[in-house]
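Listed after this line are the structures, all set down as structure tokens.
There are two complexes below, and they share chain A, which is joined by chain B in the first and by chain C in the second.
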Partner chain A sequence: MTMSAAPSDHQAARALIARHHIRWWEPTPWVLALAFYFAFPQYLGFGTDLLVWILFAISLELALGYAGIVTLGHAAFFGAGAYTVGMLAFHGIWNEPITSLIAAAVVAAAIGLASGLVLLRTTGLTLLMLTLCTMALLEEAANLGHDWTGGFDGLPSIIIPPLFGLFEFNPLYPRTQFLYVLGVLFVCFVFVRTLVYSPYGQSLTGIRENTLRMHAVGAPVRWRLIACYTISAAIAGIAGGIWAQANAYVNLTTLGLDRAATVLIILVLGGYGRLYGAFVGAVAYVALSHFLSKYFPTAWQLGLGLLLVVIALFARGGILGVCDNILRWYRHKFSARRPTS
Partner chain B sequence: MTALLEARMLGINFGALVAARDINFTLEQGARHALIGPNGAGKTTFVNLLTGVLAPSTGEVRLKGQDITRLAQAERVKLGIARTFQINRLFRGLSVLENVYISVAERLGVATNMFSPAGARRDVIDEAMHLLETLKLADDAQRTIAGLPYGRQRLVELAITLGLRPEVLLLDEPAAGVPSAESHIILDAIDALPKQIGVLIIDHDMDLVFRFAKKITVLVRGAIFAEGTPKEIGANADVRAVYLGQQTTHGA
Partner chain C sequence: MIFGIDIASMMLGGLAAGMVLFIVSVGLSVTMGLMGFVNLAHGAFAMLGGYVIALTMRHWGVGFVPALVIGFVVIAAVSMVLERLLYARLYGAGELDQVLFTIGLVFICIAGLTLLVGPENQPIALPDALRGQLNLGFIHYRTYSIVLIVVGTLIMIGLWLGFERTRFGAQIRAAVDNRRMAESLGINIDRLFAITFGFGSGMAALGGGLGAEFLGLDPQYALKYLVFFLIAVAVGGLGRITGVFYASLIIGVLDFVLKKYMPQGGTLFIYALTILLLLWRPQGLFGRST
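Moving on to the complex of A and B:
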């Protein structure tokens, strides 16, 4: 047998070795966010909301896009984080922003772990329904636990002290909120990005692509999924917690089906399983609902629904998937012609 | 010789249907053993019982004397039992190299690492690439499974399994769907394995079975019908009647 070049010199090996390297375009969202901060100071509230959606969508991305855990109840963790921050602050227990977020993450992770231990024994439709039930139970608990959660009215006007003791959270000029959320989003994104390119992340995509085969290569599939679900819940909890801090109130919408469905729509719109789908999807969703409701105030959700039908039928990869296909087609057409085998 | 993998009175029934009954079977260390039988004889069911995909209704499975009847599939893999599937079970959206990376990473315990990139483990990549070269798959390493011809996919199936470096290798029709010009790649790869590995192959391709096997077990209607050397099985009139006789084209 002739000795070929070292295996890691092979093109495929080089591609895998370089897979996690930062691409030239990857700073784009962060540059755009900073540009937005300076260009549209009057829209920072709107921008903050968008950033929270992205953070929430990234948490779902990890569970749904990478590990293939189909859930319709991810707002359970968003709400758990929001209520953790809200209740700690409202009842005068603790309100320092950063540590409150850590508390939100821990509580959401604990709920994710506890429910995941049960839920992740199931798959498909059963799993979908059970995630929905978990969320409904939490929502009802928040509704009934009036003394602690404020019940149906929620917790109005919670007080968040200045960030690092320096930067005020001003509800009218949410400069601090915007940069704070952007910073937290960045940290969480770097974490998720590291995770999905790691061997663990690779094993999650393996579970998504073929669970049976993962069993057959000796992977403890259920524990991998539980770990992923817990981490995903923690990030969703951070998103919820920071939403509560940015808005200075908490109510039942943080736990509702509306929010859970919207974050799913955002991922489908942007393209799940591709890391930047959350960014593109959130921007597309917020922009679409803004313009649709402006021009078709009575039936704007119909337009969104039709678009989703089109995406589900013809563009499974969402907006980024379409871009990928166009790029591939373009390269195929204009690259040096190679004989096809 | 020591029995590597052993089934004692193994049986399973789905309701009234008995898919495997009272199977006593031994796979020796270094065995090159073939399991044949007509369609529906329960060959794949038997492999599923050995690997833990199915829990038996009766009997037990032992690996090097240790009772593994109650162990889950993944736990048996860790103890050294690996298999290929009759129908490809691959990570279709991933590249060929990533497919093999996953299995090698599992074996080496790398897959729990969350914080360093998969690409930083050159040892895993090198081993996976080396396997692909052995199976003449290196040129396809970067292609996704979905875009690969079926025959090549079969080889990836084998590559994933070999990436686990099993002590017991169960091959469920590894050559089915592989063009005959390429089926020798599979036999060559098996020949290149360490000699002490026990290999059990299920196949309908009698040329392949008789070339490969030192010992053949014939399964009919969920029970062992005959066992012996290829010569004995080939000369067994009963076997010819129930099985080989059906394949009138064999040897033509």
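Moving on to the complex of A and C:
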């Protein structure tokens, strides 16, 4: 037997060790976001909306893309966060932006933990139904608790004081909102990125791929899933809270099946389980819907339906998955030619 | 005495609504139990069926009953084609892909109908014989509701006989319980799937037409009532015809009673009950535990 190289010299081992290293292209979204801020000051409201969708999609990415929890009710946590911020501010209890967001995260996490404790015992259709029903339950509760939530009309014009006491939230010229959401998104994204590359994140992937085997190797599957669901709920709560702050109102649309389905579509469109799918999906979806749905709302829905069918049948990796396949095909062609030349 | 009549009229109204729920959901229950396919487009088939029925009645002057038959046949045929061409590709796939695919179909149906027919409600005119009141001896009640109850019961009996007493029904039951074993016994699963899927979708179309009188019929139908169809299936237990029947009737009556006494929070109550029930029995009220 010849002297083999040290294990860490193996190609696969090197890839594993360098997995969490920052790749050269990873700053791109942030550079683009800052460039957007300076290049399109008239579209900052749209940009803020886009960033909130990315944040919301990242929260779902953690639960769906990494832990494989198929949920149709993720808007429950978005709405919980939005209503927390909205009700605290509307009833004059508390409205400082950053601490309100933390409150939104805590409330959403509490709901995520409580529902996760019971829901995550089930799988498949039952889980799907339970997440759907939990969201519908919250929506009905928000509709009925008129004195607190404003019922069907929601809470109009909540007042958010300047960020750090310095930067005014101007609804007509949302510079502060954009940078504020971008900052929060960055913090949350770094957190999620660290989490999915940690051993804990790796065990989540293991649970997604083969639950039985993870049980067999002794991983506390249920608690890992509950923890993941809770963290995911907290981030969705932050997304909802920041949506409420940026728009200065809350209504029932933050809680409905519409929003839950949209975030699912965004994530799948970009490609789930790959961290940057949320960015690509949100940009593609929000940009398309913003410009198309205004002029051709019905054609937009038709196109969206066709897109979903095509993705589910032929392109399960979403946009990034298709890019990956094209890249791989090119590399394959290239490396296949090399030995002959 | 007044109170008794009140209860009777509520029961009848709830039963009629429950029957429609049953006719629509029974196909969903069987296809989900048989193929393990999360078909969120089932409501869309009911809606399409309702449209076929409403439009043939209006434009071709077809009667109500023949229109129902046409709706059943058209939707059964269309859904069988869809099943063979598209659904079959996703039988082995995860729930997420199935959910996305069927939500996509729902969007296509909603947008397609809005573009082709329009966003407004499509009324289905009942024949004169089904309008008005019927004297039941102890109470006067809407004829159509009574007819729905009778038709629903007959369909239930027919389905039960077909399921329990025919060779084809036995094959479906075998495949629901153990697909691999059924396959290795030489049952042609592909054919079974296609026929069952088509039949279930046809039933949904029938339900869409029969229920249009009080559920309405507009392009949002496919999403509006989807949660109710899913609840009926989940509560009844997958692949159990009798389960869906009882679950539908319970939901129908409960919804009717709650709307009367708690017009605000009735739906909240149904969602909460469903959650509790599914936590207690994930396989549904009448499903067999695995």
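Here are some notes:
As a convention for this text, the second predicted complex is superposed on the first by the 324 of 341 C-alpha atoms of A that agree within 3 Å, B and C clash if a C-alpha of one lies under 4 Å from a C-alpha of the other, contacts with A are read in each partner's own complex, and residues count from 1 in each chain.
The criterion applied here is as follows: a contact is a pair of C-beta atoms (placed from the backbone, for glycine too) under 8 Å apart; a residue touches a chain by one contact, two chains touch by 3 or more.
For clarity, every value in this text was computed on a predicted model and none was experimentally measured.
Once the two complexes are laid over each other on the shared chain, residue contacts for A:Leu304 go to chain C alone; chain B is not touched.
By the document's definition of touching, of the two partners only chain C reaches A:Val118; chain B does not.
Of the two partner chains placed by the overlay, neither chain B nor chain C lies in contact with A:Ser335. Once the two complexes are laid over each other on the shared chain, residue contacts for A:Val70 go to chain C alone; chain B is not touched. Legend: residue contacts after superposition of the two complexes on their common chain; A:Met129 is shown touching chain C, with no touch to chain B.
Listed in rising order, the residues of chain C touching chain A in the complex are 32, 36, 38, 86, 89-90, 93-101, 103-112, 114-115, 223, 227, 230-231, 234, 238, 264-265, 267-268, 271-272, 274-275, 278-279, 282-283. On the chain A side of its complex with chain C, the touching residues are 64, 70, 72, 118, 121-122, 124-126, 128-130, 132-134, 136-137, 140-141, 144, 257, 261, 264-265, 268, 272, 298-302, 304-313, 316. Listing the residues of chain B that touch chain A in their complex gives 51, 72-75, 77-78, 82-83, 85, 89-98, 101-103, 105-107, 110-122, 124-126, 129-130, 133, 138, 141-142, 160, 163-164.
Interface of chain A with chain B (complex): residues 4, 6-8, 10-13, 15-20, 194-195, 197-203, 205-206, 209-210, 212-221, 224.
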